[in-house]
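A, B and C are the chain letters, set down in written order, and residue numbers restart from 1 in every chain.
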Amino acid sequence: MGSEFVTLSLTPLLIGIFAAVACALPGNFLLLRKQALIGDAISHVALPGIVVAFLLTGAISTWPMMLGAAGAAVVAVVMIEAIRRLGRIEPGAAMGVVFTTLFAAGVLLLEQSDTSSVHLDVEHALYGNLESLIWLDGTGWGSLLDPQALAYLPVELPRMAATLVVVAGFIALFWRPLKIATFDESFARTIGMRTDLLGLALVITAAIAAVAAFDAVGSIIVIAMFICPPAAARMMTNRLELQIAWSVAFATLSAIIGYVLAGYGPLWIGMGDAVSAAGMIATISGVILAIAAMFGPCRGRAGAPSGV
Amino acid sequence: MLIDALFLQMGYNATLVAIGAALLGAASGITGTFLFLRKRALVSDAVSHATLPGVCVAFLVLVALGGDGRNLAALLTGSAVSAGLGLLCMNWLTRNTRLAEDAAIGAVLSVFFGFGVVLLTVIQTLGVGRQAGLEGFLLGSTAGMLYTDALVIAGGGAAVLFLVLLTRRPMTMVAFDPEYAAARGLPVSKIDMLMMGLVMAVTVVGLKVVGLILIVALLIIPPVAARFWTERADQVVILAGVLGALAAYLGAAISASAPNLPTGPIIVLMSFALFALSLLVAPNRGVLAAVLRHQRFQRRLHMRQGLLALAQDQTIYEPLTLRLLSRAGLVRADGVATRSGQARAAKALRDERRWDILRRDQAQEAAAALYDGLREIETVLTPDQIAAIDREIGTPKEAF
Amino acid sequence: MQLSLASQNGQAAREPGLETSPLAIRGLTVSYGEKPAVFSVDMTVVPGQMTAIIGPNGAGKSTLLKAALGIVPPVSGRVQVFGRPLDHQRGRIAYVPQRASVDWDFPTRVIDVVMMGLYRELGLLGRIRGTHRQIASDCLDRVGMSEFADRQIGQLSGGQQQRVFLARALAQGADLYLLDEPFAGVDAATEKAIIGVLKALRAEGKTVVVVHHDLATVRDYFDNVFLINTRKVAEGSVAEAFTPDTLQSAYGGRLATAQIDQIARPA
């Protein structure tokens, strides 16, 4: 665990952890608002957003693409709301209509545009490429203090860290309104809270987390991290504050165990190559959820006696 | 080219794809309707993502047995097994934990899909090129549809349709009102399972054509579109089948007519076009109809409130009310009632009095329940009944 | 009996009541779809007293309250709270929603729910001080729920949940209290506790408006009634407006004449 770890594993591991936590934080509220699948929808519609950004700018550059993905997420959320209200359709079905359509449009655009020569394909979007985010200049723990080496950190690391700060900042700043509006929306409205704007802000925050993570680690982690760590945390406690803490712990744990298992697991059982870290992280988060669902102290619905 | 394709003049393969896709569209539209009416549309999302690990495991097993891993029947069996497993996990989570269904759906789809991705990378390490057939399962590929593939799809689609035909009554009842169905002695959980089984079958069959992400679209969009046109469950089912078939057929034909038009996405976009059309122009539930109705409603409401205010010599401040009244020639520009305005106002007030009598009458409870401030009393009572009420009121002056 | 059929569709500051009433509603129409649930209703709540909103099921009682609070949008009409528009007076109103309107499996404790009532005071990041905690625990004490402060809310009985909601409203320190069916499905002890608190509020000069369904207790609990069945049927003191005649108008065929006589006759 020396220089090789710093070079090959430190940065992907940190990026994985930051991405997992950034998604799990808003995931807690989405879960309680019965909007858990918004994360799923956002990560599907990021594809057309990225393709459109690519077609407009003609280059693979990060910021336009992230803007494109975020824009697509907002478009999707607006479309879902519009279809739900105008057509009086239940939210799940409205979501299904929108994200499948936008995803199909993304695939079509991708096929139409000649992007095969550049690094933009559906599989990358799904699995990401966590393993490749290595830090060549990080030759040992000492490099952490070496400005020259730090300058060559994979750009995803500071970007993901910044995203995490933004997401955590939003949750911390709006903690009280989020909690009140999630628990009792009509009460929140009577004390003058703009619950519609707050809900939109939450979804946009989730979209920011999803898009940043999407670029670095692929959509599959994003969907898993929005749901599995908060869901597992739900089984552990009856207090929102603690639930958030548990979800952060579970997200971190999934990222670490998943990354290590993907990298070293196959070697341990005598196979040659590593497997997808993104897929493994999602799998581990599912294992954690399964364990929590079977043994968590608060896994059952609180026995709210109805009536008298 | 497009005309040729639409009329099946594009050669054997394109014709095969178009017919196969239409069958699949019909089967998924019909099956998806039950899911949609049961308010569980997104379960299909979980089912379709949960097929991936099964496909991969089947592939690995085939390779381990010495095959090349491209046996469609075996891959589809594998996908069915893992989708079934996914469904069981989902049901277990919603029944035995505090998680709501949407969370269970998301958990199953992401974890199963993630595990499938892990297996995909395992397959990749076995040797480049050998996984060639598997990418199609993600996004679909009809270009290379073989005769045997088409047979699987046609057979699967027909089997699903047949099963739906047999079980449509109990399934409709459960989808519409599960509690009533349970009270009638129907085995709701078994019928739910059957519903899921059918969804699974459609998903598995559709994997090869549109891929696991886009099959969800075929299960959700046609039923949602069909719902706009009718209030009757049986008609929604049939219409969803028709719309699904139409979208798939059109999509397949368009995609055959030009290069670089992948079938799956085109089919999905076609269904969305049909959906958008339904959303806008469907009579009754469509947006245009609703907007017109709402405007008419608002005018009637303001008219009525305005007339009642006139009748009681109250000043009207709301601009819309004033505008409507003066446009109808019922008030002058200064807000004073015209002669016809006075007459209409008196009539409105008298109708309210009549309603008041009616609503006190215990024998007229059903008619009284129709009162909403706008309903014309003539639509509820016969002239004789109204005359009887008028005798009770006396002359209008005495009412005050 | 007052019969106000239509209303003034607009402001009329000269009108008695509008300037001083804790809650004045004029020409309010609310519609779900194409059928008005509340049609052209005027209401003037008397300050410092307890008013019951009564009427048959589906008569628009809760809808009236929700529209008054801006929770559902009206088609027409206006609402004034202490003589000013609602948005300027949010701090003076406390609302107790129907118990069934929230998810009681939500991960939070009783005391946290009561603290929500202090949000307007605390703001986004205001520090929770000892005085705030004291207010919250006093409010819990007033509804007799102190011993449950650290319980998860899902572990309470229906009546206890209702009391927690009331405690949250008390923490808001409002002048006007609006309660939606607080006595629905609660035990006798809770009903007694709640009415005790409401009467104490009245004694402090606060105004209380309750959507109420139990005609038998109207006389004991309330000073005024507001009878509604889509439109206003009657409004006034219990003695004036809660009569066999008005009840017949509001309930029509849904109450037998014998029942009405029994309920509406002063004891």
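By our rule, a residue touches a chain if its C-beta (ideal position, glycine included) is under 8 Å from a C-beta of that chain, and two chains touch if they have at least 3 such contacts.
Keep in mind the model is a prediction, meaning the values are calculated, not measured.
Taking the mean of C-alpha positions as each chain's centre, the chain lying farthest from the centre of chain B is C.
Counting C-beta pairs in contact, the pair that comes out ahead of the other among A-B and A-C is A-B.
The most central chain, judged by the distance from its Cα centroid to the centroid of all protein Cα atoms shown, is B. A separation of 38 Å divides the Cα centre of chain B from that of chain C. Taking each chain's centre as the mean of its C-alpha atoms, chain A lies 29 Å from chain B. Spacing of chain A relative to chain C, judged by their CA centroids, is 42 angstrom.
The set of chain B residues touching two or more other chains comprises 98.
Residues of chain A found to touch two or more other chains are 234, 301-302.
Residues of chain C in contact with two or more other chains: 105.
Against chain A, the residues of chain C that register as touching in their complex are 66, 69-71, 87, 90, 93-95, 97, 101-109, 112-113, 116, 119-120, 122, 124-125, 152-159, 161, 168, 172, 185-187. By the touch criterion given at the top, residues 31, 34-37, 39-40, 44, 83, 86-90, 92-97, 100-101, 103-105, 107-108, 111-112, 122-123, 126-127, 220-221, 223-224, 226-228, 231, 234-235, 262, 266, 271-276, 278-283, 285-286, 289, 293, 296, 298-302 of chain A touch chain B in their complex.
Listed in rising order, the residues of chain B touching chain C in the complex are 98, 293-294, 297-298, 301-302, 304-309, 311-312, 314-318, 320-321, 349, 352, 356, 359-365, 368, 371-374. Listing the residues of chain A that touch chain C in their complex gives 32, 173-174, 176-177, 179-180, 182-184, 186-187, 189-192, 234, 237-240, 242-243, 301-308.
Considering their complex, residues 3, 5-12, 27, 29, 31, 34-36, 39-40, 75-76, 105, 229-231, 248-249, 252-254, 256-257 of chain C touch chain B.
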